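Both of the next two complexes hold chain A, though its partner changes from chain B to chain C.
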Partner chain A sequence: MASLHINQIEKKFAPSKTGQQAPFALGPIDLTIREGEFFSLLGPSGCGKTTLLKLVAGLTEADAGNILFGDNDLTKVAPEARRFSMIFQQPLLFPHMTIEENAAFGLKMQKIGKKERLLEARRMLAMTGLSGFEHRYPDELSGGQQQRVALARALVAKPRLLLMDEPFSALDPGLREEMRELLGTIQHELGVTVLFVTHDRQEAFELSDRIGIMGGGRLLQVGTPVDLYERPESTTVASFLGLKNIVEGTVHSRNFESHDGQISINTGQELADGRYCLIFRPETLMPATFGNQATVPSVQFTGKVSKLKFNQGTYVALVQAGDEMLECMVTRDQAENMEVGQLIKIFVKQSDLQFVEY
Partner chain B sequence: MWRKSKPYLLLLPATGTIVLLFFGGLFDGLLKSLGYFPAIGERQLNLDAYTNLLASDSFWDSLELTVRVAAISSLLAGLLGGLLAIALFLLNQYSEDENSRLWHRLFQLPLTIPHLVAGYVIVLLFTQSGVISKLLASVGMIDEMTDFPVLVNDPFGWGIILAYTWKEVPFVLLMVYPVLARIQKSWREVSRVYGAGNWNFIREIALPIMMPSWIIAVFIVFVFTFSAFEIPFLLGVTYPGMLPVYSFQLYTDGSLSDRPEALAVNIILALMTICLGLATYYFSKRWNVMKGWE
Partner chain C sequence: MNTTISPLKIILFLLGFVIIGLPFIALLLSSLAAGWRWPDLIPASFSFRAWDYILFGSARTWQSIGTSLLIALIVTIVNVVLAVPAANALVRFQFRGKWLAEAILFAPIIIPPFVAVMGIHLTFLRFGLTETILGVVLAHLSPTLPYMVRAVVISYSTLSTERENQARMLGAGPLLRFYYIVLPHLLPGIAAGASLSILISLSQYLITFIIGSGQVVTLPILLFPFISGGDPAIGSAYSLMFAGMAILALLSLDVALKNYYKKKGVRSNGEGGE
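Moving on, here comes the complex of A and B:
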């Protein structure tokens, strides 16, 4: 096993014949995926995630750059010789083969004997919870079961790298969650390196060791889920991660002031003067009511409660601070003691302030 | 009551005609083959016609020729049709343009030509005085047109085989290609990722998927050529003739007393065709063409 190195990889697509779609360019992208790591590419539709995955698989040819697996340059190597596995959005099982024949397909291509490959396939099918289904045909299985077979087929081939292209996007939410858990467990057990493409934030955060956020054909930021969430480097990344409290303003002599002047706070960190966006995570905004007091260096400002929302166990207060509408997570007690129109003081730890240039 | 029976009554003229002409003819033929022929005063049922027929060399020579021609032409049509289907499928997989559709239409052209016309085309092309022998003689590949091998009205049946192969290749293509066309392009990507090159893809995915419908198509071609009349009549020799021609000759050239034998040939042909049809049906059920497809 070895790490995957993507160096300055680029791919350009010509505009569509009808001229309705603009030309798309991916990269240049540099990325290293470590051995045994679960790495996710997260981004909106059309940002180039699948293209990058297909470049790694060899199904698409790169215009520039190279792809190394350990010391081996795979850039010109055909996909059939890379010894990777890939799971697509659809299970894409072969309809004329039984479930165990489908699962054993990779091993058959590796010229492993029938007895051995079927034994391995059955073992992997058992691991994915499909014991007893070996002799059925794909159309006798549900969508979730078919995707489990696709997972078994991918893993049984003992791939050097497992590529997954939004494999659970066609499943209903309950099944998706179940598959996520199964994949997490199996990946942990087998230690296989995974490159996973998704546009589902929850999926990426739940499964990944590290995540690469993509947008407009570029890799915008790479980091652990916690790093990305707490320290987004741009408003694009923050927006994609669902962070809505983004306040535009300027920093002058370590003081940030929003454009409308309503939020004026000490940055608590060395920043060059200029235009910045201040990102507040909803859970870091604490209403200074009911005896809540800051115990660490904090900043505070005033806002008016505009709305209270309940969402499956969490309460969110929408607080109007000048022109900005900020989301603030509150406890049930706090929510029950709040009223729409009430003026409240909000404080936030200085260490939780995240400034990005714009 | 009227509402329930109305559709059946409306269908009655059509079903009546079919029953009368098809089953009536068959039944009349069966009776006459069994010796019931009031026109010549025979009213006793017996198996004389069948016994005579099975004892005659002409019948066995005809049967041998019929089986040979049907088997070779259906195999050739099957092989060529199968190869063309795979070639079209690969063309469609690797090219994004309209070329594959154009080729597909081109290969379907012979389907629109009637069998009799196809027979004449073979005569015009492959006789010793035909277009091909003239061409070969004019470019010096053969000295005389008579050096061209006898491919039409030959005892082996090559002319008939050529005509049926040419006519039935598009039929096999028509049966097989739609099955192959259902193979998703993504399957090629899946198979490549798991280590399958082009040949492995054809062997492991394309061939097994097309095989059931290919076998059924070849069966149908065999059954059809086995009992068809016009091409063997046009391109065959006087002796031995294929079974339908042999029956026709017995019926028209012989006396009234030969007619039970002529009709016995037809009944044997019909029985063999029914048996082959049942076999085709059995295998089509067993190798469910769409097994595993959603």
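Moving on, here comes the complex of A and C:
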């Protein structure tokens, strides 16, 4: 076992003749995926994440760069010889084989004896909760069950790396959650290395050890879920992660001022003068309605409550500060003491301020 | 279940009987007649002369059936070998002159075989292929291949490359992928094409006659002189033999296919069959 290294990989697609598809270029991308890690590629559709996955799988050939697994250069190795498994959006079970035969297919290709491979297949089917379905055919199973067979089939082959291309996007929300939990448990138990592609933030954050955010054919930022959320390096990453409170402004001698001058605060950190974007996470904005004074170095500004939204257990207050509309997560008590139109003071811990270059 | 028989069913049954069954009864009567003159509705006297002649009197009957079946079998196998890669290319690849390739492949359906066979005959004379089974097999390919290609093309166009990619990611190389994933999917199409190929090859008269020059004797070659004025009783008996041979060939194909699916454990849910 070893880690996967992607070095300077590049792929260009010419525009299609009919002009429906714009030219698209991926990379160059550098990435290392460690052994036993659950790594997600997260990005909007069309950002190149599936292309990158297919390059790793070998189903698409790279224009430049190489892919190493440990010390082996896999760039020119055929996909079937890479000993990776892949799960697609659709289960793609083989319709003329039983569930058991489907699950054992990978081992059959590795020329493992019938008895042994069926035993392995049954063990993995039991792990995915499909005991009793061994002799059924794919069309007798529901969509969620089929995708579970696909998961079992991919894992039975004992892949060095498991590639997953939005495997749960075709399932309905309840099933998706169930599959997510199952995948998390099994991945943990087997210690298999996973490269997971998704456009679903929640999915990526719940499952991943590390996440790579992609956009426009490039890898924008790589980090743990907490890292990415608390320290996005660009506004693109921040907005893709759902952070809406992005305030444009300028820093002058450690003081940030928004364009309209409504928010003027001490940066609390050494920043060169220039234009910046300030990102507030909604839960770091604390309304001062109770006179709760911060105990750590904080900054404050004033805003007007323009709307209160109840959001399953939490309240979101939309606070107007100058031209900016900021989302601010508040407790029920705080929300009950607030009125639309009221002017409130908002505190933010200095350590929670995230500045990114404009 | 409704046990009453609807009038529509009776009408349909009668219609089917008149169209399909009646000619066979006429053939049977004619083969057993010792002389059948107008205006008799049924022959005045019966004899087994014609059946005696074709079953026991002439060894050529069984030989010609063997030759017919052998040619049909080889033609069909060659068709499968040619049609699968051709269909693959036609469905999955875009290339220059694709329409031309398709036009040439399907031309024999539209162009009368006689036109092509005259040219083929001259060429085969030069290569010494006339009067040989090989020559007849090659000549039979032109009217049968289009149907095989057509059937396999339809099978191929419903096979997504994704499923093959999936097998690929599980470690299956090109041959294994073809055997385990592609072939099972193509099989119904291949069976449909094979039935047509067998039937068309069995019923070829003109092509066999010209290329085989009377030396390659298939059942139609034997049958033809009798129905074109020789001896209607023997002609009728041979016609029935011919129908029996064709039906048996199709039935054995069906049985073979069903056995295959049984071995693979697929229930007969419309996956198989022709």
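The rule is simple: the second predicted complex is superposed on the first by the 358 of 358 C-alpha atoms of A that agree within 3 Å, B and C clash if a C-alpha of one lies under 4 Å from a C-alpha of the other, contacts with A are read in each partner's own complex, and residues count from 1 in each chain.
Keep this in mind: a residue touches a chain if its C-beta (ideal position, glycine included) is under 8 Å from a C-beta of that chain, and two chains touch if they have at least 3 such contacts.
Treat the numbers as computed from the prediction; the structure is a model and nothing was measured.
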* Asked: Putting chain B and chain C on the same copy of chain A, do they fit or clash?
  -> clash
* First (chain B), second (chain C), both or neither: which does A:157 touch? -> both
* Asked: What is the contact status of A:138 with respect to chain B (first) and chain C (second): first, second, both, or neither?
  -> first
* Based on the superposed arrangement, let me know which partner A:85 touches: chain B (first), chain C (second), both, or neither? => both
* Is A:59 touching the first partner chain B, the second partner chain C, both, or neither of them? -> both
* Asked: Who does A:179 touch here: chain B (first), chain C (second), both, or neither?
  -> neither
* Structure fact -> Overlap of chain B and chain C contacts on chain A, residues 57, 59, 78-81, 83-86, 88, 90, 92, 94-96, 105-106, 109-110, 137, 153, 157, 163
* Contacting residues of chain C [partner chain A, same complex] -> 162-163, 165-173, 176, 180-181, 184-185, 264-267, 271
* Asked: What does chain B use to touch chain A in their complex?
  -> 184, 186-187, 189-197, 200, 204-205, 208-209, 290-294
* Structure fact -> Interface with chain B, chain A side, in the complex: residues 57-59, 78-86, 88, 90, 92, 94-97, 105-106, 108-110, 137-139, 153, 157, 163
* **Residues of chain A defined as touching chain C within the complex** => 57, 59, 78-81, 83-86, 88, 90, 92, 94-96, 98, 105-106, 109-110, 137, 153-154, 157, 163
